[in-house]
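Consider the two complexes below, in which chain A is the common component and chain B and chain C are the respective partners.
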Partner chain A sequence: MVALRRLGAMVLTLVISSFVIFAGMYAAPGDPVAFLIGNPENMTPERIAAVRAEYHLDLPFLHQYWIWATDLLHGDFGSSFVYQQPVTDLLGSRLPVTLSLVAYSGVLFIVIGVLLGVVSALRKGTAVDAFITGITTFATSIPNFVVAVVLISVFAVKLRWFSVSGPGEGFLGRIHHLTLPAVALALGAIAVVSRVTRQTMVEQQSLDHVEAARSYGLQSRKTVLRHVLRNSLGPIVTMCGLILAGMLAGTVVVEGVFGLNGIGSLLVEAINTHDFPVVQAILLYMVVAYMAVTVLVDLIYPLLDARVLARSVS
Partner chain B sequence: MTVDLSAPVLTATATRRRQEWPFYLSAAVLALAVIAAIFAPVVSPFDPSQTDFGALWQPPNATHWLGTDQLGRDILSRIIHGARPSLLGAIALLAVATVMGVLIGITAAWKGGWVDTALSRVTDVMFAFPGLLFVVLVIAVFDRGQLTSVLGMALAYAPAIAKFTRAIALEEMARPYVDAYRLQGVGGAVLCGKYLLPNLMPTLVGYLVVLFGEGLMSLASLNFLGFGSQPPSSEWGLMVQEGRTGVIQGFVGPALIPGLTIAIVVVATNVIGVRLSDKLAVRK
Partner chain C sequence: MSASSLKRFTTGTALAAAGLLVAAGCGDGSSPAQSPVLDQIKLGNSTPAAAGQLDKAIWFMPKEPRSLDLDNDAANSQSDLILANVCDRLLQLQPDLTLKPGLAEKYAWKDATTLVFTIRQGVTFHDGTPLTADDVLWSLDRHRADGAAESDEYVNVTGVSKTGPNEVTVKFKQSDAVFVEAIAGDAGVVLSRKGVESQGKKYGTPAGTDACTGPFQLKEWQSGKSITLTKAPNYWNKPKAAKTDEITFKWGSDDVIVNSLKTGEATGSYLENLSSATQLATGGATTVSQGPDTRVWSMMITDRGGLKDVRLRKALAMSIDRAGVAKAAFSGLGQPWKEPVGSGAWGYEKDKFKAAYDALPGLPAKPEQSDLDAAKKLVQEVGETQPLIIASDGSPVRNVIANAFVDAAQKIGLKATITQIPTAQYDPYDEAVRKSVDVLSDDYFVSKNDPVGFYKNGASTSTVQWLLNDPAYDALVSKGRGALDDAARAGIAIELAKKWSEAMPWIPVVDSPSTVALSSKVTGVPASGCYRYAPWAADLGTKGA
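Coming up: the complex of A and B.
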């Protein structure tokens, strides 16, 4: 029942957002025919009529939306005004770069963020804790394009450890090329995750069952891992999921700075060239990606917390 | 290595003394930024768009305290003039988002029932969207520029404010004075505007100040992408974008200085926001 309602809400959200996205592009100023034909010399009435018919521009708004939406359901996103090739091909060639960047960045912020959070929770009130909290507070206040510029000027220009742009060839090459972008993307997230980890672990530490475990003489390491961290996982996983979902739509700036040919730079390019089918497809991808990750987190959550599982079964 | 789970906690007074100085420093930083924005033409040493092709990419020196950029323009003057669009943009963004968010939040909390359900559902859906989506839509329809980027971002921020306002309004409505006014026959709109809202303000202000910093960063990112203010504006995000060409040649100043300015101002607003919410929400 809960799952059904959840599914219904998702479908409704998708329908509404696809409608809003389509309406936005429809309302955009400028006649798409002008972009499609390009050369003003070819602007004959016959040509205009032919292009209008080809792209269904002669139909009423709702009819156009209907055609677009049914094509979407068949996996057809239309074709790009600028590249003259199917949008799906265009997205397919750009998606791997964005996804590997987000995956790399995800590993970085989850591992480092949780680690910093655990350390500062265990050392609460000491200089180490103050240092980590101070650094992370500052890190959340720096826009990621500034971080990117700093990283480029230090590690790519001064030290020459990394190259300035491009996604790189092969697995190792890609890792090498994506390191700076991934760090730039992950920095703010590391700060947020470490703060959430610290907060929940500090709360958990004061609970009776932890006190009991410690009084039984259980090793500190075991107490921390099995009782404190284990019970703190819920909020940490939720936070990581939300950040990851946001990242799938948030690579625009970092891709631009590092010259990566991903979805984000394609979006900027498509907006600049009024390539509406591409803009529509990418916006829809962002909504779907966000929803997919949040649903995934909801599915993982009961596995971490038996109480949630018991509640949803009963 | 064993880890001590019961590390000593600092005494309250020591913590307080240690935490006071960042607040005053941040207040000074913000005051400086505001003064720069208001008196920009008076305090800046040069015209922000005056080019000097004899002095390109200069490092900081006696004439140009922060150096010059790719057109030989004085970076300090550009930063000072850039405070106007940067701060004003964030203020406008927050103002629009707050009016929308607070209206929706209070209405949802006050009316309850299906109005609350409908409004909450809409804000939830909007909240789930990446903020960039609104910006792209608004820019696609109304073309780029400072106004559209501010409006798009305001749409992205409003749902969060609405959610927050609804939550604290529900809490506040449980207090007896609300029922007392209602029994005296005070109408819903008057009660919300005159009595409920002022009591929400203390909690709201701290949250909004922190959002101000976030909004400043988001707007700077949009400007960096070229969707907001256009040259010759010296908005800070735009300055980073223009200075970026120099980074590869080894001239980091023109990109780094505006970038650091943004970071410092945002840190300052965060410190003040957190401090204000601690101080103002004491009664809870």
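Coming up: the complex of A and C.
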């Protein structure tokens, strides 16, 4: 029942967002005809009318939405105005780049962020804690494109450890090529995750059951793992989920700086050229990706805390 | 597409900021002082000839091509850059911007309205099938079909037919000299009918392959990643066979291109953003060469009305600091320019065109006090004027041009302000945009190396200028197109340039030459603007044998 309700809510979200996205593109200023014709010397009124008819641009708004939505239900995302290729082909070749970048970045910020947070919480008030807090505060304050530019000029141009651009071939090549972009993307998130981890762990440490466990003489390592960290995981997972979902839609700048042809660069180009079918498909992907991540987080909760499951069943 | 093609600078994105930082971050301590950089840049039609065979090249460009079918409107200048090497045309453009026979071993005007091409024998397409006159006929018909990108080149053509086993004849309603030049461009590409038709909708997309005869063949287009060409095994023109075995095209922002060249990850690139060149001219890892092109940045005057009076346009043309714009926006790599089309258009009668250019009055590189005084007088004659609006999109070049415009206007007693329009909407060919501002700046280039190929845009039917509407000019355009004799056509072209300059529907600002950056290990490619249509990559090779 819960699952059904959940599914219904997701479908409703998709329908509403697809409508909002379509309406947004329709209302956006600028005319795709200029890009569809290309050569300004060919822009005769007859040609403009012919192109409008060909791409259904002459139909009323709701009619256009209806055509798009019914095609979508048949699994047809349409063809890009600009590339004249099926949108699914365009996304198919670019999604792996963005997804692998976000996955790599996700691993980095979760592992490093949580680790730094734990160390910081356990060494609360020491120089190590102050150092970690200081470094992560600094890291959050630098925009990721600045980080990206510095990483390129130091590690790719000066030291030549990494490649300047492109996603790389094969698994190892991909890892090698995506290291700098993933670091640039993850740096800000590391700071947030380590802060959240530190804060919740510090709160947990002073709770009664932890004190009790400690007073029983339980090993400090076990206390931390079983009681402090485990009970802190809720907020940490929520935070990581939110950041990850945001990243799926926020790779634009890093992709541009590192010359990666991913979803982000495609979206910016599509917006600039009024390539409606591509923009709509990418924004829908972003909505779906966001929903997928939040569902995943919701599924993880009961594993972390049995009370969540008990509550939702009752 | 053929007649001319518009390129939109997209430097106004969020990445522009990042670009500046890269420039700062990567400077190896060498200050980009003006003169040493300019000294490092070689000028000419071509880079020195290559001595040895290069096995692999990586070539960078600003964007991914949208289609590899040149008859498709979606095809952009990146499509041209690649297919120039894959597809031969009936005539071939040379680095010095003259024409030589290509797949037509000769052509002749049988009479004023009949043009006969003799098709070269013994040429095969990349799939091994022989080139026939039927393929040529089919290709020309495909180019002139309604809606095809090149159809505007065929305005005067009434019919194309096969008139012999290796002979194709084009009939015109009036003689058309510009058509011959267009045949060296995309309007004269010869495709294999079978090769194109067997692919159906796949032709021109990443799933398709090429159907041409050029020195390179398409190996693979990985959508969103790269495009690879390999040397064609049996190229008909043996001495011009490719000196590079495989060339892979990739794309990225200006910073990506500069960094890839600096680190040796890229072999070369034709630069669209000239300020990148200053970082590549020094340092020893790369060389930069410049050659003539037709591209010029102009201020396009809209039909909004603020500059309806030609005296105001002339006064402004006299007062713009072109040298200042060239220095600030093009790092000194562009030249102050008096015509809306660059010296690359002088594909014949060069000296005549040069002399006529030099004689054009009222467009100083740097206005003297006397120019400003004369301009002020014109403004006073006009009397009451409304405040002028020039649009920028925040990109460096447009910002500089907009500021130069406001500066010039204020010096001669006109009120002017700058308004910002987002890059995506910055479109001089959009009527709604034109209604809101008086001036838009844009760069423009034409595909034919003939001033007539540009000045035909001054005709009253033109869709790229909105002020010139003169039956005498229209008559001259049609006379120019029809003048088969070069000397006569040059005379008419010069007349057109004068009339354009008198009406000033665009105010020319800076000429942006063709600019190529190469890894210092390689050489051979043309530096002139011929790279859009001539097989430039075939000449790319190593320096040593």
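As a working rule, the second predicted complex is superposed on the first by the 280 of 314 C-alpha atoms of A that agree within 3 Å, B and C clash if a C-alpha of one lies under 4 Å from a C-alpha of the other, contacts with A are read in each partner's own complex, and residues count from 1 in each chain.
Note that in this section contacts are C-beta pairs under 8 Å (C-beta built on N, C-alpha and C of every residue); 3 or more make two chains touch, one makes a residue touch a chain.
Quantities reported herein were computed from a predicted structural model and do not represent experimental measurements.
In the superposed model, A:Val157 makes contact with both chain B and chain C.
After overlaying the two complexes on the shared chain, residue contacts for A:Pro302 are found with neither chain B nor chain C.
Touch criterion met: A:Phe145 reaches chain B and chain C at once.
Of the two partner chains, chain C is the only one touched by A:Leu90; chain B is not.
By the touch criterion defined above, A:Met286 lies against chain B but remains apart from chain C after alignment on the C-alpha atoms of chain A. Contacts of A:Val82 after superposition: chain C is touched, whereas chain B is not reached.
In the superposed model, A:Arg47 makes contact with chain C only, not with chain B.
Of the two partner chains, neither chain B nor chain C is touched by A:Gly234.
According to the touch criterion, the shared surface of chain A, contacted by chain B in one complex and chain C in the other, consists of residues 29, 145-146, 149-150, 152-153, 157, 164, 252-253, 256-257, 268, 271-272.
Those residues of chain C lying in contact with chain A across their complex are 1-6, 10, 13-15, 17-18, 21-22, 25-26, 63-64, 66-67, 72-76, 147, 149, 151-152, 204-207, 222-225, 250-253, 255-256, 259-260, 262-263, 265, 423-425, 427-430, 432, 457, 462-464.
The residues of chain A lying in touch with chain B in their complex are 13, 16-17, 20-21, 24-25, 27-29, 122-126, 137-138, 140-146, 149-150, 152-153, 157-158, 164, 205, 210, 214, 219-221, 223-224, 246, 249-250, 252-253, 256-257, 267-268, 271-272, 276, 279, 283, 286-287, 290-291, 294. For chain A in complex with chain C, the touching residues are 29-31, 34, 36-44, 47, 50, 82-85, 89-90, 93-94, 97, 145-146, 148-150, 152-153, 156-157, 160, 163-167, 252-253, 256-259, 261, 266, 268-269, 271-274. Looking at the complex, you find that chain B touches chain A at residues 2-5, 7-10, 125, 128-130, 132-133, 136-137, 139-141, 143, 213, 217, 220-221, 224-227, 237, 240, 244, 247-248, 250, 252, 255-256, 259-260, 262-263, 266-267, 270.
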